[in-house]
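Going by the order they are written in, the chains are A, B, C and D; count residues from 1 in each one.
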Amino acid sequence: MSYRVGIINVTGFAGIEAARLLLNHPEARIVAATGRSLAGKRLAEAFPALRPYRDLMITAEIDASVDVVFSALPTGESAKACLPFINAGVKCIDVAADFRLREPGAFEQWIGGGQPHPAPELLSEAVYGLPELNRDRIVAARIVANPGCYPAASVLALAPAFAAGLVTEQVVVDAKSGISGAGRGTGGGYSYSEVNEDTSAYKIASHNHQPEIQQELAALREGPAPKVTFVPHLVPMTRGIHATCYAPLSGRASQREVDDVYREFYDAAPFTAVVDSPPHTKHTLGNNMCLVHPVVDERNGMLVSIGVLDNLVKGAAGQAIENMNLMLGLDQTAGLDLAAVYP
Amino acid sequence: MSYRVGIINVTGFAGIEAARLLLNHPEARIVAATGRSLAGKRLAEAFPALRPYRDLMITAEIDASVDVVFSALPTGESAKACLPFINAGVKCIDVAADFRLREPGAFEQWIGGGQPHPAPELLSEAVYGLPELNRDRIVAARIVANPGCYPAASVLALAPAFAAGLVTEQVVVDAKSGISGAGRGTGGGYSYSEVNEDTSAYKIASHNHQPEIQQELAALREGPAPKVTFVPHLVPMTRGIHATCYAPLSGRASQREVDDVYREFYDAAPFTAVVDSPPHTKHTLGNNMCLVHPVVDERNGMLVSIGVLDNLVKGAAGQAIENMNLMLGLDQTAGLDLAAVYP
Amino acid sequence: MSYRVGIINVTGFAGIEAARLLLNHPEARIVAATGRSLAGKRLAEAFPALRPYRDLMITAEIDASVDVVFSALPTGESAKACLPFINAGVKCIDVAADFRLREPGAFEQWIGGGQPHPAPELLSEAVYGLPELNRDRIVAARIVANPGCYPAASVLALAPAFAAGLVTEQVVVDAKSGISGAGRGTGGGYSYSEVNEDTSAYKIASHNHQPEIQQELAALREGPAPKVTFVPHLVPMTRGIHATCYAPLSGRASQREVDDVYREFYDAAPFTAVVDSPPHTKHTLGNNMCLVHPVVDERNGMLVSIGVLDNLVKGAAGQAIENMNLMLGLDQTAGLDLAAVYP
Amino acid sequence: MSYRVGIINVTGFAGIEAARLLLNHPEARIVAATGRSLAGKRLAEAFPALRPYRDLMITAEIDASVDVVFSALPTGESAKACLPFINAGVKCIDVAADFRLREPGAFEQWIGGGQPHPAPELLSEAVYGLPELNRDRIVAARIVANPGCYPAASVLALAPAFAAGLVTEQVVVDAKSGISGAGRGTGGGYSYSEVNEDTSAYKIASHNHQPEIQQELAALREGPAPKVTFVPHLVPMTRGIHATCYAPLSGRASQREVDDVYREFYDAAPFTAVVDSPPHTKHTLGNNMCLVHPVVDERNGMLVSIGVLDNLVKGAAGQAIENMNLMLGLDQTAGLDLAAVYP
């Protein structure tokens, strides 16, 4: 028995990665995959890295019956493409940001460029797809809003401290991303010669992942709303997110107490691990792990907590497969028990 | 049923990669793995990238019964470590160069630093582990000499032309390698700041892969011995071999004729593909493919043929698993039907 | 007329960079340069990049009369080597950290590994060599403590806001550095294969640049001592520091007010520029600029201020030459009016 | 006294580099610089790396009287833009390929995409701007065809052997280039995520630098025309050319004899040095050196000769300034006696 998966926009980096990972899945396989400029080509021909997909044709529309659909369309275009599948009862995982912000008007303000959401009535139903927080609701969901790559790392780094009330609401998230986060076909701004040997920030305190992080932290406890200053940076590597999060401690907490809180929080999570030394993004390259490392800065009364992951795996396609597993009643780790590619 | 694999020196890059790939293998698993400085640690602790190996201990010696052993020790130290296993009837795959050069004295001259081979009587028995050339002999072998990363790419790029007599014996192989080819713990010469943004050649016409390439090309046809000028280069990437091979055409051969010869030669090979445009090393990152691209330079009567692969997969650990599959009677592609990691 | 410069430990990255930049200086030249393992070699032979130094011999000791000496020895070894020159009336610029922390005991705690400072009586005399803050005192100094690469970027990013009282004392500095910051000959931890395609933090809230930043911010105003949580990161590039600094606004300040404060503060500074969009480290590669970019995050009442520079130029050797110019009564920009290397 | 330089298309990488280097020139300065999309901006504003050019405006046309003009327009568009200056008696250095191939019809075939050269009568007058070969003719030239980056490295690596008759005419040039060789604004094909961690060949035996290399080698001796198989590769670094050249020895020549021939040939050349160990591209990053390293492969009767340089300096803008110096009667090295940027 093998579940049938459709991928909308297989030709972006998240779509390509979903195809790579699903090759390894024991109980699901891609039966249809769409693309725009590349429709009519075989997937293996368009992307030689996907050589085992010699027979799968890229099509303009999902042209086969599917049990689950991933949309890897750009944010702002995705919800519309998902609607027919949702309406037809196909389980839907939106890898874009379209179903993530639940507050009315947030889509319009942060994502849609002033346009309203095409199906606002579904926003409250969509489940934020971070199983470390929402496992049971994902199991039952029709629509999963797959987390953004930055929020996945940041929320996982901060959630135990937030839930336990260890920190105040004023948070800084300084995040570093590899260039693939900018997507495929994003043109001149990311040419090798200009991006190599360079670090820079962008969308300082104005990225749409800022309200996403706030929303998910807010859901963890009562009390004043989190105020998150989020600054994303590009660093010259292809993959990887390194979120360094800073939150003032609300009381005295020792390193040991913090470690205990974190380890207990993630005790049952197969893909988030609390580690004892500063984690390296490279230790997650190509697999679905998020490595979390909380440090108490006693001198300054500050919690520093780091989350690292591969933006295309735990930050996109791997997370989507993990969500699919839960939605289909499969083992959460099916197809995802992978080592990272090292070195 | 699952075959039991032992890895000697799991802590080098080839050993780490074998561990990564074997996680994916349906019919074999690592039951023992040695290391020197890291003995006593769990594999997942020594290398966070290998997180699924939470229970496997690195030991000083192979301490379990095994069906097959990989040696990933440095060249010159490997043969001695393999002997007890060979003598005990364990199938042995030497990822180092110790069993590759069959001519008496070649080990001493090129590899052993003046020391003789510890078991010269086995050199003629060891099979050069390139299934594209020696499949049947690998199936029957007790000892497989796993090819060097440069020779794997170079010989696969040139073999069809050599076997068909399309080219003369004077060959140039200009090869470019990622830095991981230099191995782990190789110290100051490969520090990031010095190697990044740099290309350089080394061991010009004096690398021990030169006689290895010559030996394997010589085995493909009668006639004058191949004369191979081999120049390896380091380019600033972690993984990948790009071998650009040049051989004067012995007669007139059209591009189409050459293509036909190549495609027929590799028709049944699951892991070597003839491609229509210049291949990218990145299209093989993390998988076991070798992509070959022959071009006829009509103006100058020269064949240019390119072979690319991942030095740690088809150039080391993946090739070793492919050889293991054949030696154990398994499907040649078991555990290896992977997409490359892209981007 | 040409001033005579001696460089102690020309063979580290800061020493090499000082040699590169001084080639371009109209009124100073290197007459002696020491090294340890490389003593007896010509500088151009030891470092082919320094080809114009065909005649300068690396020696064990400074063996010529000099007007000014730079020490580029490792932190902890430098003060001792500087003493004979200071005592002999030679102007001394210490590129290491040995004269930076003025508080008694700080050297012992943060830098000397428990050993006391070899000349604690000089600590109060040494001037912190950031001309943007201390120009007049540098002009008159016998000893200049050249700033650390991280503090240079961080203090320049925060100084105007601190001096003007715009922010509270609780500061986060999240800094990203190229790998050359780790120095030459730092061995296995920084091998290309392990550092490439990786981002990681280190010495979280425990780096000796943390008290250095605190000390310099404290000097800018009365009131509670700054509490700086400083987290350095390594990103895969050779050169560059990107310091992203976060400080809660103490009142309401508009973007425009902040911009005005910053521009006025740096109005006369030849090497620090306030820029209108997020600066790129690459825009300072090889020159002595620090680019500063303050942003008001109104939603959260937070000032985000970025400082970028080349760790080996404005963060080390270029800054040292700028200080030398001031100490010798030369134009502050002599030899330093350079474009960055782009791309 | 300062000569007045105009740069046509200052906004490409070669133009930017010319601007960087000319800052350092004691007797020449840019008085006019054109660009297309960026006309109307200050140069320092368009390219923050060129900060010292705060007052120079990018214009649509050269709008000042100039003594010499550099054209850094794309190949195929450059000759036409040079003609008015040549006709007006302004010394002209074409950094593009438009004046390089002297044979009638070669422009049309290799460069112009089928279009004829706009001023074929000038092709025989234009001097190929490699001072190591043509110094006296450059001194007297009105038009200099600045060499291509690949030919500069390749011809300098082979010229002494060719001129001395040490090698036969069948040559292989395997060249590796950093990505900046592809130019600025070359769009999607060179995005970081796709080019990073990748090596690939392109235009195999069909690049227009192939006839250029042949032409210049042919000029060095009588006898059969050189047959050059030229294969360019892209490696993941920003700058640098590494040309590895292979030519069968025509007789027996020892390493010592070859070294002597090379050293004598370049004895008076300020910017080409024969080195004793394999040169690194990084040792020329940002300066005007070409490092040459010939090796005799005695076993195979082959000369391997390597040339490395920075494609934007000795391979473009630095070479242009060197040519300018000669054309204006200045010291050949004026403004160019630079160290490389290292690390």
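Criterion: a residue touches a chain if its C-beta (ideal position, glycine included) is under 8 Å from a C-beta of that chain, and two chains touch if they have at least 3 such contacts.
Quantities reported herein were computed from a predicted structural model and do not represent experimental measurements.
*Asks:* Of the chain pairs B-C and B-D, which one is connected by the greater count of C-beta contacts?
*Replies:* B-D
*Asks:* From the C-alpha centres, identify the chain that is farthest from chain B.
*Replies:* Taking each chain's C-alpha mean as its centre, the farthest from chain B is C.
*Asks:* Centroid of chain B to centroid of chain D, CA atoms only: how many Å?
*Replies:* Roughly 38 Å separates the two chain centres.
*Asks:* Rounded to a whole Å, what is the gap between the Cα centroids of chain B and chain C?
*Replies:* 46
*Asks:* For chain A, jot down the residues that touch at least 2 other chains.
*Replies:* Residues 13, 178, 180, 184, 193-194, 196-197, 236-239, 279-280, 282, 285, 343 of chain A each touch two or more of the other chains.
*Asks:* Quick check: in the complex, which residue numbers of chain A touch chain D?
*Replies:* Going by the criterion above, the answer is residues 13, 178-180, 182, 184-188, 190-197, 236-238.
*Asks:* Of all residues in chain D, which touch chain B in the complex?
*Replies:* 170, 172, 174, 176, 178, 193-194, 196-202, 204-205, 227-229, 231, 233, 235-240, 242, 244, 246, 248, 278-282, 285, 295, 297, 299-302, 304, 306, 308, 343
*Asks:* Going by the contact rule set out above, which residues of chain D touch chain C in the complex?
*Replies:* So the residues of chain D touching chain C come out as 13, 16, 19-20, 23-24, 47-53, 180, 184, 197, 238-239, 273, 275, 279-280, 282-287, 289, 291, 337-343.
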